[in-house]
Amino acid sequence: MQIGMMGLGRMGANMVRRLMKDGHECVVFDINPDSVAALVKEGATGATSLEDFVGKLKKPACAWLMLPAAITGKIVDEVAALMAPGDIIIDGGNSHYHDAVDIAGKLASKDIAFVDVGTSGGVWGLERGYCLMIGGPVAAVSHLDPIFATLAPGAGDGTPASAGTASSGYLHCGPSGAGHFTKMVHNGIEYGMMAAYAEGLNILKSANAGKAHREADAETSPLKNPEYYQFDIDLAAVTEVWRHGSVIGSWLLELTAGVLKSDPSLEKFGGRVSDSGEGRWTLKAAIDTGVPAPVLSSALFTRFSSQGESEYADKLLSAMRYAFGGHLEKRKD
Amino acid sequence: MQIGMMGLGRMGANMVRRLMKDGHECVVFDINPDSVAALVKEGATGATSLEDFVGKLKKPACAWLMLPAAITGKIVDEVAALMAPGDIIIDGGNSHYHDAVDIAGKLASKDIAFVDVGTSGGVWGLERGYCLMIGGPVAAVSHLDPIFATLAPGAGDGTPASAGTASSGYLHCGPSGAGHFTKMVHNGIEYGMMAAYAEGLNILKSANAGKAHREADAETSPLKNPEYYQFDIDLAAVTEVWRHGSVIGSWLLELTAGVLKSDPSLEKFGGRVSDSGEGRWTLKAAIDTGVPAPVLSSALFTRFSSQGESEYADKLLSAMRYAFGGHLEKRKD
Amino acid sequence: MQIGMMGLGRMGANMVRRLMKDGHECVVFDINPDSVAALVKEGATGATSLEDFVGKLKKPACAWLMLPAAITGKIVDEVAALMAPGDIIIDGGNSHYHDAVDIAGKLASKDIAFVDVGTSGGVWGLERGYCLMIGGPVAAVSHLDPIFATLAPGAGDGTPASAGTASSGYLHCGPSGAGHFTKMVHNGIEYGMMAAYAEGLNILKSANAGKAHREADAETSPLKNPEYYQFDIDLAAVTEVWRHGSVIGSWLLELTAGVLKSDPSLEKFGGRVSDSGEGRWTLKAAIDTGVPAPVLSSALFTRFSSQGESEYADKLLSAMRYAFGGHLEKRKD
Amino acid sequence: MQIGMMGLGRMGANMVRRLMKDGHECVVFDINPDSVAALVKEGATGATSLEDFVGKLKKPACAWLMLPAAITGKIVDEVAALMAPGDIIIDGGNSHYHDAVDIAGKLASKDIAFVDVGTSGGVWGLERGYCLMIGGPVAAVSHLDPIFATLAPGAGDGTPASAGTASSGYLHCGPSGAGHFTKMVHNGIEYGMMAAYAEGLNILKSANAGKAHREADAETSPLKNPEYYQFDIDLAAVTEVWRHGSVIGSWLLELTAGVLKSDPSLEKFGGRVSDSGEGRWTLKAAIDTGVPAPVLSSALFTRFSSQGESEYADKLLSAMRYAFGGHLEKRKD
């Protein structure tokens, strides 16, 4: 079937490619004409303006937006202004699910359906397929089923498709907002899993702490039993072995093993970990609903710290220690 | 080759079965004669006492112990007393790696090798193979290679074995203690991953909080935007869809999806989560070496809370609130 | 000077008493006429309706609201409708600072000043004075200075008043919203301090764990060194001694020592710890601004857990353990 | 009465001064002869060697050690070798309570009493008195009562002494080890309280986040409501006002207000927060006894992070993000 795709970054462009490979017709648009041109070469129909983009869509028009969260709302308004009753707007970006709830309500009065699709799979989605978490009205979601079926991985691992579309990698989670809500929590879990691996590997890396000289002063806690910290663990090998038969095997572990194989000391990275919002929103939902989320919040807060945001708090601690105990700070290495 | 296995519980018995299936000769012993008899029927050589067990092992004798951590040390001493220089004792249980370091030192003076093997794979190991993290002297570990190769999953997923044994599912991590150390951290990570999934799913489960009536009193935080919490999410379907193409896919998620499919409300469980020690030890190692582990510790502490151990602290909080604000406690449902 | 007080609960009534004792004239109103009557007996001017209440206030009318957060917004609107330009509404309750920002903007167009006052001191405020964190326009805050000076403790501890009003216990923190923002963070810190004491005392209480029998099964982590956990610590005495010269002395500790003296086992409490919203809002502000708050969030989440909200997550953990390891749950005592 | 003091650093020297002011006779020793000379000038009896030090003590000899934890054990052995049955060794340093339990057992066989005294009060103890948490045999502790009574603050705040010595600031907590155990938990709580203040103040400091320009890219979570983050809060004034009548008033807050008054931006500090061991030991005790301590552990781990120990974990997170999503790290400022 035909679908329009606006926002041809890493994700959007690859989704177009996966759709075209399976025979779908794609109308594409981006503020960067080069991005449009590239996909036109591969068989897509290019658009030169928003009007042109919506104009080229057959009825009911289906426009999939793959844009930064910060501008999605504005563009949805502009696209909707060009649409007619019965048309469908799909937001596949990392937008806040509140926006989906609000926008869907607004568009419903114009009889335009709003479908929010949480999309996981990253740069690997082109090849592996994308996991799709979908919110929106039943009719619109059903209409888009061929698109979802193509984008999703499919039940390629032998699982019988009897469990519905979930075992093919896409799921209608509920009304508008339910898709982004589910994707939001997915990312919250992702933060927690990533942190679990990172903390564990950091401990393994310190398994040789007993070999290092440690100063014995009143500001440094002594390592009582250095004989128990004499191991030089090969982290690349350990992450590789864990992939085979252990309880903690996962796709993230597979990627991590790959990274550590080529760059065990991670020289290329500085350790400033970004967060794009979904971890924050997950925690706000936990707080609103009174659900404890100590692991997910710890994972989020270590990212904030990596961004330098604990600096003032740390200085306060040093200042207090000086004030009550006369403790002089050791220099930061 | 021949190997002795003592401790024929769930793990030990299945390991014997996997070894025999691949042609190894197993001498088996357990304090429960029925456990011995069962494996004898399947082809193992049974032993009636520790003396008999060690006596039936060809030189160099290789005795694999699969016992509760609490008694392993004592049994190692008894087995070692019956052994000769050049023999090998393997501890495949969830022992503390400190014990492995200590025991190895003690046995080295008698020229008996001590090999500690962290074993992951649970009840699925018989079929899938066990992930083995191995510590000990090179010669002994090499001698046991055929055993490890059989127990491990093998490179069945197509990965070339070029990366060494790790891609077959077993790894010599370092000297005695390194195996249990690596397994300990593995379990620490496991706690963190499990908690990440559990917290996320708990938030998803509360996505319908806006439908519930919430009292408006000074003791209850109001839900400001109930319109954003109107989703009834199907957790079994969501865990299933996440298995296909998402970033958080894992073997644990696969098991979780299976559990939720058959019992979405988890009626069979009360929520008292045991911990068998390795999460605790992981944190102690983090503390000793000064490595931050907020996620792993949060995961451990929620288990302690599930065991009822936060009760007195909670009562103190209620008491303080009463003392400064006259707040009366709401009844626990 | 004259002030109107609406909302004569524990906090509001005591504030009226403290104000009258210092010579201020109080007009009082509550939906419960008995609450009004009680204060009229003590010298206040009673009102029988909102109209009567506002009508009895001299110009510029100053109406202080001490109401549950959930209804404050609605009442502010009703009071404002009865007021004239130049009048002042004060919200002294535990409202969200967002509301203060929004309301202030709305009322500014009518030239009615909105002053948000975070009020700490609890049931002890009548005697000790209230700590006041104030947001709002300079003119209105200045006009109310005599009221604030009376409600606050004053510089009774000998601190020279040279530091401005802060050392008398009240502070103009900034424009509308700044008062409730500061009070919100105050309460967030309160959660953290309370939890720090509660956790520490819970550890002290377990200092005799080595005396108890502990089962040795695969589901229970063994206590390796029971000889180090043989202490029966008197928590009432310890909290008392800490009040005298230690680094952790505080008013909360004083109250805690008092509680433990009369009821060391805290039989009167069940351990369900309420939260009235400010801890949640503090965390949301931390999340919005990217500030790590692991301690404050841990404190909040233990409250959620005490309310039973971790139950489903705990069941999931037990279910996973059963799925991968065949671990049977121990019964919850 | 007479007492010997060895270790004349900040704490030891001030304790000698407080003891002499109250009429006690002090024999003093330190490896630094200047420290001895300084106190001799103020009236103490100096010693030139360990032998001289013990030799000058009247029977029963009472030797108080105020030494770094790392060397205390060795010096206790040397002092004990010079002592006779009935003598008393007091350890007032920040030693691990395990050592107290072990040493007490060893010395008991020689009929030398070992008394462990946890000492809080820091550089302010000389003037305010020290809070003393005492472990050891009843007879020895009773013998030392005049010393403890002098060092402690006394019931100067009007509290009747009826509650026993606790309300004078010293407490016999139990057998050997109970003093250091109680002090250890005291410091654990201290970490939690300090972190609660530091996190809260860091959030207050960010209350103006809405004024800053924030980039809108896919790596940065947008601040949705900048209008709610427009406050420039005066942290020195806020900490001052909280001291007067609020629920979170404490001695630590008093010190913090003092620090912020003179140096609001904390330029003098770099934010590397040391930990001297007691926070670590507190958590190990929590882990051993299965007591949840999420707040205390979060406080400890932020210190580890401030020491740079989360760097490798952070790099791993960036590497994983790059691996699954192609996310490029933003530069660390």
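Chains here go by letter, A, B, C and D, matching the order in which they are written, and residues are numbered from 1 within each.
By our rule, a residue touches a chain if its C-beta (ideal position, glycine included) is under 8 Å from a C-beta of that chain, and two chains touch if they have at least 3 such contacts.
As the structure is a computational prediction, the values presented were derived from the model and not from experiment.
> Just to be sure I understand the contacts, which chains border both subunit D and subunit C?
A, B
> Measuring centre to centre with C-alpha atoms, which chain is farthest from subunit B?
Centroid comparison gives C as the farthest chain from subunit B.
> Distance between subunit A and subunit C based on Cα centroids, please, to the nearest Å.
Their C-alpha centroids are separated by 37 Å.
> Hey, how far is the Cα centre of subunit A from the one of subunit B, in Å?
That gives a centre separation of 29 Å.
> Roughly how far is subunit B from subunit C, going centre to centre by Cα mean, in whole Å?
43
> Give me the residues of subunit D that touch two or more other chains.
122, 195, 197, 199, 201-202, 221, 224, 247, 251-252, 280, 288, 290-294, 298, 301-302, 305, 309-310, 313, 324-325 - these are the residues of subunit D that touch more than one other chain.
> Enumerate the contact residues on subunit D facing subunit A in the complex.
Residues of subunit D touching subunit A: 10, 68-71, 94, 96, 122-124, 194-195, 197-199, 201-202, 205, 216-222, 224, 251-252, 255-256, 258-259, 263, 266, 268-277, 280, 294, 298, 302-303, 305-306, 308-327, 329-333.
> Could you list, by residue number, the parts of subunit C that touch subunit A in their complex?
Touch residues, subunit C against subunit A: 247, 280, 283-284, 287-288, 290-294, 297-298, 300-302, 304-305, 307, 309-310, 313, 324-325.
> Under the definition above, what is the set of subunit B residues touching subunit A in their complex?
Within the complex, subunit B touches subunit A at residues 97-98, 101, 120-122, 125, 128-133, 152-155, 157, 163-171, 173-175, 177-178, 181-182, 185-186, 188-193, 195-197, 199-204, 206-207, 209, 221, 223-225, 227-234, 237-238, 240-253, 261, 282, 285-286, 288-296, 298-299, 301-302.
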